[in-house]
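Following are the structures in question.
Below are two complexes that have subunit A in common, paired first with subunit B and then with subunit C.
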Partner chain A sequence: MNIIACVKQVFDLQQVRIKKETREPIMENIPLTIGDIDKNALEEGVRLIEQHGGKVTVVSAGSEDLEETIKEGLAMGADEAVLVIDSSLDSAESAVSAVVLAKTVKKIGEFDLILLGEGSSDNYSGQVGPRMAEILDLPLVSFVKSLKVDGHRIQAVRSLDDCMEVVEVDMPAIVMVMSEINEARIPAVTQILKAGRKPKQVLSLDEIEVDPAEMETKVETLSNLAPEQDRKQVIFKEDADTAAADLFNALQSEGFIGR
Partner chain B sequence: MGNILIFSENDRVAYSLLGKGLEIASEQGSTVGAAVLGANLKDRADEYVNQGAQRVYLPAQGKEMLESNDAAAYAEAIAQIAREFQATVILLGCTRQGKELAGRLAQKLEAGCINDVNGMVLREGQILCERYALGGATVMTQTVTASAAVISVMPGTYEAVSPTAPAGEIVEINLNLKPDKIQVMERQTKAADSVDIAEAEILVCVGMGLGDSGKMPMIEDLAGVLGAEIGSTKPVATDQKWVSEERLIGLSGKKCKPQLAICLGISGEIQFVVGIREAKTIVAVNTDENAPIFSTADYGIVGDLNQVVPKLTALIKS
Partner chain C sequence: MDRILPFTDEHKMFREAFGKFLDKEAVPYYDQWEKNGTVPRDFFKKMGDKGYISVWLPEEYGGPGGDLLYMIIQTEEYTARGLNGIFVRLHGDVIAPYIYRIGTEEQKKLWLPLAAKGEKIFAIAMSEPDAGSDLANLQAKAVKDGDYYVLNGNKAFISNGMLADMIIVAARTDFEAKPHKGVSLFLVETANLEGFSRKRHNKIGLNAQDTAELSFVDCRIPQEALLGEENRGFFYLMEKLQQERLVAAVNALGQARRSLDVTIPYVQQRKMFGKTLAKFQNTQFELAKMATEIEMAQSFIDQLTIEHMADKTLTKEVSMAKYYCCELASRVSTKCLQFFGGYGVCEEFPISRQFVDTRFLSILAGASEVQLVIVAREMGL
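For the complex of A and B:
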């Protein structure tokens, strides 16, 4: 079985701080990593291969640092990487990423299953999967929390707002996973060392033949600021008795007791 | 701006979008239509008119294709209706189905798409949309620059406002749809926990610092004396299942606006904080004085919740 796992290079969001005066996020010197749910997508691919045999190709579109970032994905068990690198793909909008990824998948040619995350860590727009499904004319199963493969068919449990569905579809297909589908492995040092030697193909936008018209942005971002926060920040650090009493008094004076 | 088309598989969500759609349309001189798909079409169409839809589209043929939840068929149906109606703005409910539909529909219509929108304003003929970004750390204001826009709005963002003199027409439309590729083998309604934590005035929120489910009675006691509902972080609801998923607060759960939120054993990762940021007062109890939750708290206790919670409960009781 040939599996493609699409993962996005993102800033490690845990490390993003907010500039107090301007409420802007500080993005300088923040390490890059693979999106959280994307790791679950890759993990699911690796597990399926361990069970059924075959190959997992990790696919990503991004800017220059991608070759370094993707090592983590190879260390997690992907057999090879296909990367599209272009400076314009740094923080590209989902519509553009979907076109680039669809073209890349076409170029790879042989695949049974494309795995993606439910949303990217930074954008969380959930557009790339549905847009790829349209471009490639493939069935898409979204919000998947468990996945089985049986011959050329997949069975998935999808979690919608008010119901759970068990669905089946023939491959090739696209599956968008939720984070609860598995716990992504943290690669061992030996895996990380081996990752550098796994096959890696780097493609340019020309090589995957994207039409410049398809790269046009469709959405403009006007501002991106942290919401205003005005909290009292009174911290009680004494022993539990005193602290609980202080908190009780505070809650009482705010009118929350005996409502 | 052309016409505005509204769709959600959840009628209540659709009604709330009708109100907002009419407000935008009245400033733009455009018409607001709604697509009604699925079962029980005729009765629902009448109600959409009551709710202010100026034109309601019902599928005449091809509706048997729309009995599954496969967004592929829905996207094709709504694309055909949007073209017929000359809609350039399509407002969808950002349920999970709605979110999948949004991307597919936008691709078909070569539209720009903004999902998870929790606020819209019209400025100089452009709809400015607000949504969380960077995991919830920031709020982005975005607008679609392509000639068509697909915008999916978080349920609960707007209230339905039924107009005083509704007048709309119901139009049947022939849809040309392909059969679904996905087969639904089984469908199970999620056991609804009768609470809606988004409506709660006071929330007691628990995180992984609780340690194990055996301590839930202690939390229930505190919630009891405060008249509060219990909410939780994601790992507590989805991994540990100490509480049901309806109690999940945050980016992937409910966004709540209580008067008071008490956060116990919660680190305060941004994906959680977005769900309580609009609380009037936030209290945090955490053993780690560097836990990020303290930076969004009005009152904090650096301490062990196992000691603090019973004491606080006892004080409130007396």
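For the complex of A and C:
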């Protein structure tokens, strides 16, 4: 069984600080990592391979740092990596990522299953999977919280707003997983040490035959600011009984309690 | 300031992975381990499953074959979380190397994979009630009797002593020779060993780390359990001291840093006389002095690490580092605790644990005074 896990290189969001005055994120010296839900997708691939045999190829597109970042995916159990590296892919929008990843997958050729996270850790648009399915003309199963493989068929449980849906589909197919599908493993030392020695193929945009028109940016970022916290800073200075009553009234008038 | 140690991507990945592992498998349970007086066996096994024990051990004996920097990273990650009493390092990075270095092939094949998997736990018994750093004066004795040695003696302050499945015991085997020429080492299995008993020491700190007093009365040890050559034990024990002292210094420096790290947020929010403690010049000066000392020590330690990895002899320098960093850790935690006032002596505040735990550092693995004797001797005094 050949599984492709598509992952995205993102900033380690836990280390991003916000500039107080401007609400802009401070991105200097923030390490890059693989997105959290992408790790769940990769983990699911590795687990399926452990059960059914085969190999997991981790696929990603991004800037030069990607060769380092992807080692984490190899340490988690991917057998090999296929990367498309180009400075223009740094923070590429979903439509571009989908084209690049789909063409990379075509270049790889044989596969049974493509796994992705339901959305990237940074933009969370959730568009790359559906767009890839359209380009590759493959069935797509999204919001998957559990997955089983039986021969050439997969059975997936989809977690929807008010119900669970069980679907079966023949492979090849694309599956987008939710974070609750598994707990991504912490790599063992032997895997970390082996990661650097696992096969890694680096492709250029030319090699996967991407047309420059397909790389055209259609999304413009107007602003990227942390949400404003509107604090009223009301202080009740009276004695405890009065202050408690005033606090209650204030919360009630805001509609938080005692409607 | 960037550190000069040659950390690779793999080292960085390992630091992140090991940190996550500790956050998941140790941090939530550590308070309970402190109460229990021991780290559970299960934790050793979890470490072993991930290959986190004896990371230096070559693959042929069941290890991953990493370099010393992995050990440094582990030490720093334990101490950054105040997990001062987890002595898996002693088991995997101090004791297992004796077997790797001087054991027979059979001993290596038997014990090293078990150590790396965390399936058997090791201790080393050198200190005695009347002989700590004075190793040449050991009283425990092993007398040959056919295919066995008969072991008699008492050992004290033995880390992992209660948990240990196998203890490397230093005992006198030649009673005519000069004191340091008559000591041998034995791989003593504790299961079903007649005449063996152990008792926990109740300590003021490092409570998760089990420390025991051991007693051997006419214990029959098969001759195959002799580790290395007979009567060369003292020399074997001396040979690895450079690395042991270096790592002890790394550990102490990490604990000093942890004390400072838990204090800074506290002084930034604790108010006295209308302003935070951090705004008082005394606080600023004291914390700035401690931070300076820690960073200066870090540079020295990192340089030593590089030279040690290049196989240089650093007898004087590692003793300086062990002495200085251990005293520094104790000094920093004492001064930091003062900023917490009454809260500092309450167990809920992590500085209290730092205070008691760091007090051990200048005593164990060669007391400060022993390190100073060595430094002075190396200075030609």
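Assume the second predicted complex is superposed on the first by the 229 of 259 C-alpha atoms of A that agree within 3 Å, B and C clash if a C-alpha of one lies under 4 Å from a C-alpha of the other, contacts with A are read in each partner's own complex, and residues count from 1 in each chain.
The rule is simple: contacts are C-beta pairs under 8 Å (C-beta built on N, C-alpha and C of every residue); 3 or more make two chains touch, one makes a residue touch a chain.
None of the values given here were measured: they were computed from a predicted structure.
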Partner chain(s) touched by A:190 [first = subunit B, second = subunit C, both, neither]: second
Touching partner for A:110 - first (subunit B), second (subunit C), both, neither: neither
Most subunit A residues touched (candidates subunit B, subunit C): B
First, second, both or neither for A:72, with subunit B first and subunit C second: second
First, second, both or neither for A:237, with subunit B first and subunit C second: first
Subunit A residues contacted in one complex by subunit B, in the other by subunit C: none
Subunit B - residues contacting subunit A, complex: 10, 69-72, 75, 95-97, 99-104, 106-108, 111-116, 128, 132-135, 137-146, 181-190, 192, 201-202, 226-227, 238-239, 251, 259-260, 269-270, 277, 281-283, 289, 294-304, 307-308, 311-312, 315-316
Subunit C-facing residues of subunit A, complex: 68, 71-72, 75, 186-193, 195-196
In the complex with subunit B, residue positions of subunit A that touch it: 11, 13-14, 16, 18, 25, 94-95, 98, 121-131, 133-135, 139-143, 155, 159-170, 176, 179-180, 217-227, 229, 231-237, 239-241, 243-245, 247-248, 250-251, 254, 256-257, 259
Footprint of subunit A on subunit C - complex, ascending: 9-10, 13-14, 17, 20-21, 24, 49-52, 55, 59, 64-66, 70
